[in-house]
Amino acid sequence: MNGRYFVPIAASLGFAFLYLPIVSLVIYSFNESRLVTVWSRFSTKWYAELFRDPQILQAAWISLKIAFISASLALVLGTLAALVLARFGRFAGRTLFNGMTTAPLVMPEVITGLSLLLLFVSMELTLGWPAGRGLTTIIIAHTTFCLAYVAVVVQSRLVGMDRSTEEAALDLGATPVRVFFDITLPNIAPALVSGWLLAFTLSLDDLVIASFVSGPGASTLPMVIFSKVRLGVSPDVNALATLMIAVVAAGVLASLWIMNRRAGASGSSVQ
Amino acid sequence: MTQGVVARGRAWVAAVPGIWLLVFFLLPFLVVAKLSLSEAAIARPPYLPLWEWDEDYLTITLNLGNYRYLIEDALYINAFLESLRIASVSALMCLLIGYPMAWCIARARPERRNVLLTLVILPFWTSFLLRVYAWIGLLKPNGVINNMLIGAGLIDQPLTLLQTDFAVILGIVYTYLPFLVLPLYANLVKLDGALFEAAEDLGAQPWQTFLTVTLPLSVPGMLAGCLLVFIPAVGEFVIPALLGGADTLMIGKVLWTEFFNNRDWPVASAVAMVMLVVLVLPIMLLRNAQNSSEELA
Amino acid sequence: MTESDDQPWRDPNAQPFLRIKGLSKHFGSVAAVDKVSLDIYRGELFCLLGGSGSGKSTLLRMLAGFESANAGSIEIDGQDMAGVPPYRRPVNMMFQSYALFPHMTVADNIAYGLRRDRLPRADIAKRVDHLLAMVQLADFAKRKPSQLSGGQRQRVALARALAKGPKLLLLDEPLGALDKKLREETQFELMNIQEETGVTFVVVTHDQEEAMTLATRIGVMRDGEIVQVATPREVYEYPNSRFVADFIGSVNLFEGVVSEDGESHMRLDCAGLGTSLYVGHGVSCTLGQRMWLALRPEKLRVSTEKPAQSHNVLQGVVEEIAYMGGSSMLRVRLPSGAQVQVTQANLDRDDAHPVSWDETVFLSWSDTAGVVLPS
C-alpha cells in the first residue's frame, strides 16, 4: 500500500468503526420482525410500542427530571470550582481541592456508586437523613460526578481567556462580583452551555451509580433499559436509541451551524 | 479593609463546592474503608458496627477477614489480573486505531477539523448503554456480522463472538476510543508544523520523521489517552455484563455481584479499597502526563 | 514659564504627585521589584525603561493594585494606596493586549468605567462622544473590537482608560503591538493627548527610542531596581553606569586606572590601549581607582591624516563599514585588539565613505566628549 494513503484510510476505518453500530441500530429500529437482526420489512411499529410502554415512559420522565436538576446544580458548583482553580492562585488545600474536583472523572463508577450508597446509609443511621433512597440520593450522586466534568470544561475556558480584560474592568471601577457578571460570564457562556449539556447527558446515561443509590420507585431509564437488554435484544430499545440519537444529532448539527455562522460573521467583517 | 471583603468573598466561593466535595466525594471513601473492616451480618444494613460503647468499655472490632478472604479465594486475584489484562489490551488497541484518527484531525484544515472532531465526540453524546447494546445485535450468533459472513459464503457455522473476552475488549475499545483520540489530538495539534518540515528538510523520510519527531513529541498525549481508557476500563461493569460471558471475570462485575447478589457489603467494600489502591498509580501517572502535555503548549 | 514649572523635579519644594517609597515585591525567592523609591510629579510623562524581567511591568501592576507589595508604600496625590483594591484607585491602566471587552461595542467599552461610577446617562453619552472625537473614532462607536484594526484598537484602549479622568494613567507597552511606521505617528498623538488632558502618565516600555521620544523623565530598571532616573538627554549623555550607557544607544567603553586627578581635568591610564586618555573636566575619584570612559560612536571623528591634537587620538584599521542610510557605522580594530564603533553622518550623496576597508585611520575626540564611569 502506498504510504501516502495509509493514514487517511486507517483514519476512515476508525471513523467507520465508531458509526457502524449506531447505523445498524437505526436501521433495525425500522424492522418489522421481532427477530432484531433478520430484516423483514419497513415498519414503525416499535416506535408505537415504545410510546405505549408505561414503564419506559415513566422511567424516561424520572431520568429527565434527575438530569435537569443534577446538571443545573453541577453547573453552579462546577463553575465555582473552576473559578477557584483558575483564578484563586495558590492557597492552603489547593492540591486537595484540585484532586477532589478531577478525581471523579476517572473514578470507576462501581466505586463511586458503592461509596455514595454506603455514605447515604451511614448518614441515615446517624443523622436520619436522607430517609431512604430515591430521587434525592440519585441527584446528589449525579451532581457530584457531573460537577467534575463541568469544572474541567469551564476551567479550560477560563484559563484560555485573556485575563487582562478582567483586570481592565477592575481597573475601571467594577467590583469583583460585577467583573464576574459583566466580563467573565459572557466570555465563558459557551463553556457553561456545553458543560450543562454534558452534565445532562452524563446523568441521563448513568446506569451504575444510579443502580447503587436508587431506591424503590426510582428506576431511571438506563436501569429499565438494562434490565430489558439483559434478557436479550428488544426492538423497542432500538427505537428508543434511534430517537435519542436523532435528538443528539439535531442538537449537535444546530450548534455547529450556529458556530460556523458566527465565525463567518465575525471573519467577514474584519477590516 | 476592602481587601478583607474580597478575601471573605473568595472563601465563600471556594467553600460551597469544597464542602460539597468533602461530604459527597471524600467522606464516602472513609465510609468504604470503615466498612471494609467490619463483619457481614444478616441485618439491616447487612453489617455489624465497628465500635460498641458498653458500660465504659469502648470495643472496636477490626475485621481483616474480608481482605484475607480476597487473598485466599483465587476468584478475586484472577478477576483483578483479568481486569488489568483486558484494560491494557483495550488501551493498546485504542492507541492503534486512534492514532491515525488523531493525526488526521490535527493535520486537517481548520474548518474540516471541527467537523472531524465533532464526529469523534458525537457518539460520546449518545447513550453509552445503547452503544454497548448495539454490539449485541451485531455479534449475536444470528446477528448482523454472522449473517453477513454466512451470506457471503465465508463460513458455514456462526462464529461465537458474543460472550467472549474479544467482545468485551471490542466493546471497551469502541466506547472509550474518543477518550484516547481527544487528548492525543490536543497534543498533536499543538506541535509546530515547521518541526516536520525541518525534519524533512534535513533529509528524513516521512516514516523517519514520524518515528524521530512526531512519536517522541506525542508521548504525553498517548500516555494520557491510554490511561484515560485504562483506568475506567479496569472497573468497567456494563460492558462485561452485556458482552462478556459467564466466565469473563472483571473486578467491577465481581464487586457488583458481591453487593447486589450476595449482599456482602463488607467484602464489596474491601474489593473497592483494593481497586482504589491498584488505580492510584495510573491516576498519578495520568496527572503527570496531563501536566507535561500542558507544558508542551 | 520658569524652569521649575517645566521641570518640577529640580525644585526642592515641589510636592511629588506619586510617591513610591522602598517598594518591594517578591515572587518566591525572586525580587521582581527591589526597594524602589521614586517620585513622579503632576503632569509628567514618565517612562519606566528596562529589559524583560527588569520588574517594570510588576511595578506598574503594583501601582494599578493588581499586585500587593511585600514592603514599602505607594502614595498617590497624598493618599496611601495600601489595601486599596484596583477598583477603588484613582488610577487607570491601558493594557499591553488592550484588553478590550470583545462582547461590547467601542462605545460600551469606553463607557464601562463611567457606568461603574453611576453617572447620569446623558453625561456618559457626552463624555463618550468627546473621547471618540479625541481619538478620531467617532464613526466606529457601534463596532465591536474584532472589527477594528490594531491602531484603532489601541486608540479605543486609550480612550477607555482616559474616560474616568484618572489622576494617573498607566500605560503598559502602549505602542508595542503596532508596526514601526504607525508607532512613530502614534507616539506624537500620545504626547498631544497627554498635554491636552494634563493627566500624569507612567509608561512602561522596553523600547529606548520610544522612551527617549515620549518621556519627560526616564527611570531605567534592571533586576527589580531603578538604576537611574533622569531626562532622556541626561540618560543618554550622562549615564551613571556602564549598564545604562550600554542599554541606551551604543557605546565604546575604555577601562583604565586614574593616573592624574586635577581640579579641571583627569587622566585615565588604559593598559589595554597602551596609552592614556585625557578628560577635560574634574571627576570625583581617587588616584589608582579603576574607571571606564564611555564614548558614544557619533562623538568620534575619523580621519586618514593624523589630527593635530596631542591627546585622545587612536590609530586603527577599518574592518567593517555598514551603510545605514542617514549614517554609516564603522568598526575600527585597534592594535591592542579592541574594536571601536564609530558612526558618521552621510553628508553627501555620492562617495559617502571617505575611508574604505583595511585602511589605517585615526580616531579622535574632544576632551569633554566622553563620560567617566565608576562602575
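Annotations
We call the chains A, B and C, going by the order they appear; numbering starts again at 1 in every chain.
We take it that contacts are C-beta pairs under 8 Å (C-beta built on N, C-alpha and C of every residue); 3 or more make two chains touch, one makes a residue touch a chain.
Note that the structure is a prediction, hence the values are computed from the model and not measured.
The chain with its C-alpha centre at the largest distance from the centre of subunit B is C.
Among the chain pairings, A-B comes first (most C-beta pairs in contact). For the pair subunit A and subunit C, the distance between mean C-alpha positions equals 55 Å.
Centre-to-centre spacing of subunit A and subunit B amounts to 16 Å, using the average Cα coordinate of each chain. Chain contacts: subunit C has residues 85, 88 touching two or more partner chains. Residue positions 6 of subunit B each touch two or more of the other chains. In subunit A, the residues touching two or more other chains are 176.
Against subunit A, in their complex, subunit C makes its touches with residues 64-66, 85-89, 91-93, 95-97, 99-103, 112-113, 116-117, 144, 146-147, 149, 160-161, 163-164.
Of all the residues in subunit A, the ones that touch subunit B in their complex are 3, 6-8, 10-11, 13-15, 17-22, 24-25, 28, 35-38, 77-78, 80-81, 83-84, 88, 91, 93, 97, 100-104, 106, 108-112, 114-116, 118-119, 121-122, 125, 140-141, 143-144, 147, 151, 176-177, 201, 204-205, 207-208, 211-212, 222, 225-226, 229-230, 232-233, 237-238, 240-241, 244-245, 248-249, 251-252, 256, 259-260. The touching residues of subunit B, counted against subunit A in their complex, run 6, 9-10, 13-14, 16-18, 20-22, 24-29, 31-32, 35, 45, 97-98, 100-101, 103-105, 111, 114-116, 118-120, 122-123, 125-131, 133-138, 140, 142-144, 147, 174, 177-178, 206-207, 227-228, 231-232, 234-238, 241-242, 252, 255-256, 259-260, 265, 268-269, 272, 275-276, 279, 283, 286-287.
Subunit A meets subunit C in the complex at residues 162, 164-165, 167-176, 178, 182-183, 186-187, 266, 269-271.
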